[in-house]
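Here subunit A shows up in two complexes: once beside subunit B, once beside subunit C.
Let's look at the complex of A and B:
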């Protein structure tokens, strides 16, 4: 992608800018800022960055059981005998596992789908790790599948599709509750969220 | 100088994530047609706009003119279509409607009839409880979308010789853009068979409004035949397959 630095910038710098510019959330301005920072940084720092990128690509694999990113297969969570094998939490992305683990509330296992159904982008069920999930349910003693896809249309569509496939197997299917985020304001809540928060209210 | 802020009704027909927490929205408006606008910070859980900018909502938006893209500052939802988004079949139909609208329309070309059509169709998909009735709605949408985009299929006059058609007409020509009469069939290639009931259904749908369409009792086979003809006609115009069709077909098995 030509971003206009080629004529005045030395070729290797322009190439790095170009590579940074391909990353999500980084535009041409941020890309050149990062490149020029590294140009002036100590050689060791640039080496460390380059090595970290290469190591990440070479040393990580997907866990063959839950499809989370891991160094050793199976991953630390799947290997941990302390986790409850009766509960399986289905998430869209590896980062969602990190978010759920931070809560410290969940002791079961995970399954990472690597995306959500989005027909307009051409992402259909067969493009996700759904067949792998169904295979796990056949062999593992799972009693409850907790669907933790994002609370947006793609996530809800994925949840509805999974429920349709899993419920006939006689496994309990639950969905993360939807309610009001911490520190928010009732006045700004949309009707769908507020409606579901009302339906899912708790005794105090 | 133009006002910095302006307000418009809008249907949100596509979204894509950009940057840390922003989204680009493709919206369809009555006066400005299809637009791409930016919604800042809406992927954060603390965003007060997020729930009001979901896919397929019908909303009143306030926008601020930006250098390249206009930015959403407020959203007051007129209709969430809550039933639609809790049902897999309806979701797949809505995705198809939104993708069709997106692919059939250029940016910033106003067409308020198309806005009303899509709004009414989404409302009907939300409201109608059987797939058979929603399929009729879908046929109505496909037909009128073609019509309002300037590709009205010929169902009353022969697509070749323009003579008025009678009930003997039984071939549809995607290339000619409509039904061809018995005299002209030999002059066009690649025509498709069209049953008399499908022919009558399409004529009726083209002439009436959405309420007339919903007053009909259409068998699934007939809706399917009409759907096949319309998909071929749409493909002729779009020159490609829609991505959301695959999911729709998958669910319908």
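Let's look at the complex of A and C:
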């Protein structure tokens, strides 16, 4: 081990540091900072954290309709009678649902694919919740599918695949607009983003 | 353009270096393994984010390097670039090892790039500093595999044209995905089917590929004229030296490229790879209509290599309006006096910065030594002479 804390640190602390270190975005330095913070924190705080982690793992499932993460199946969005069933927004990850909900602009339903097509990583259409999406389109009164995969190569590949599969069903397929972020300066935009924004311009 | 400073920390055998560089010609001399080539390598890296000789970035980090306070070991490179009267640009690259989940060092490393103190992507660094490197192994350009010649075109064009870097990066990214898909199909013994998954990758591959092809063809056309003139000047021979782009698609645009892909679909699925495109193309180098790499004498091959490098520098000057920094690694000892004379002439002129390495000062004429700044390199330290 490169840091050498295991020689001077009590074994349970070292173990917690190792566990934190496994998490995404957390390096050895942050891992030890978190562990030592919890060491000094009140016992209740550590209990709450431990309980929250266990409860999350035990009590959550995937919604059988939209495959978002939920406590009750179907999830709150799918159960909400106020949502517009004619619109279906397709996203890569559950976090994308959170981001779209935060806008308050969207009142339709979702479908979470749990990934994007990437042959290099061995992720093909059959590894995503695409068959489930096609099944939904056959029974639900969806009029528009809004493809909201990420604007990168893998997200675009997924979008292209979905469009080819869905359009023959006679359902309208749209893709999130791409372009300039709010509050940005034209002169600092990279040429790809600016080019896309130009292609996607609108009448005023 | 020129660089006024080179700062290294834990880069190969340099623990710490803080070097001011003059605008003109600098001659680094010292014994073998003193660290002369490493100075040129550092500048090449700052220009292209690649080393001309290391296969993995981690090899660039000094063995003794220590990270701060539990951070993995890293190397730091920094330079200041002057272009015309514009504000100088400060370029920084940090190459850092990574820890695995158990605290062990991983084989991969990551780089952090800053331009004027602001974090940028590698793609945005390339072209800020333009260099042409002359190395003893350059003769591989003529005698080696097609990959060497594609790299020659790619390194040159990437530094000139930002759009080329993007198109090439996109092309390689799509190519990797497309090849993976073809491999999967081969392994599953699957052929075409409805809702063809390859269509998207074909479209992306051909639109990025067409851009790469167009730029390469244009560059080769111009380079061919440049090498002819330079070759005649260096050798005094009237043999005709020409370059020809050998393309595996014979496609003029994305649509023609897509047509080629469609026609060889079955073969591609059988072999599990993309069979034609810029990644398989070559550059044919002909002296009096015969391949120099096969039929040329050793002397003709050396002169051709030199002409290719000088043409590269000239193309950069034409396209950007500015002379690139020349990095000449231990080259003069290999050339005969006529060729050396020509090279010296190309190097010592106003507005041209050049960094040269040599083991022996006796290889140089006293008149040349008078015009250059000499620096002695010894065990990872540089001393003004």
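Simple rule for what comes next: the second predicted complex is superposed on the first by the 200 of 204 C-alpha atoms of A that agree within 3 Å, B and C clash if a C-alpha of one lies under 4 Å from a C-alpha of the other, contacts with A are read in each partner's own complex, and residues count from 1 in each chain.
Criterion: contacts are C-beta pairs under 8 Å (C-beta built on N, C-alpha and C of every residue); 3 or more make two chains touch, one makes a residue touch a chain.
These numbers were taken from a predicted model, which means no experiment stands behind them.
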Joint occupancy of subunit A by subunit B and subunit C, clash or fit: clash
Which of subunit B and subunit C A:156 touches, first, second, both or neither: both
Which of subunit B and subunit C A:184 touches, first, second, both or neither: first
First (subunit B), second (subunit C), both or neither touched by A:165: second
Which superposed partner A:195 touches (first subunit B, second subunit C, both, neither): first
Which of subunit B and subunit C A:18 touches, first, second, both or neither: second
Partner chain(s) touched by A:28 [first = subunit B, second = subunit C, both, neither]: second
Where subunit C runs into subunit B (options 132-140, 222-230, 240-248 or 312-320): 240-248
Common ground on subunit A, meaning residues reached by subunit C in one complex and by subunit B in the other: 117, 119-120, 122, 124-125, 153, 156-157, 160-161, 164, 191-192
Subunit B residues touching subunit A - in the complex, by the definition given at the top: 14, 18-20, 45-46, 48, 50-52, 54-56, 77, 80, 82, 85-88, 91-92, 95-96, 98-99, 102, 243-244, 246-248, 250
Interfacial residue positions of subunit A with respect to subunit C in the complex: 1-3, 18, 21-22, 27-29, 32, 117-120, 122, 124-125, 153-154, 156-157, 160-161, 164-165, 191-192
Subunit A residues within the subunit B interface of the complex: 24-25, 117, 119-122, 124-125, 152-153, 156-157, 160-161, 164, 181, 183-185, 188-193, 195
Touching residues (chain side subunit C, partner subunit A) in the complex: 67, 69-72, 99, 101-105, 162-163, 166, 170, 173-174, 176-178, 180-181, 184, 195-197, 199-201, 203-204
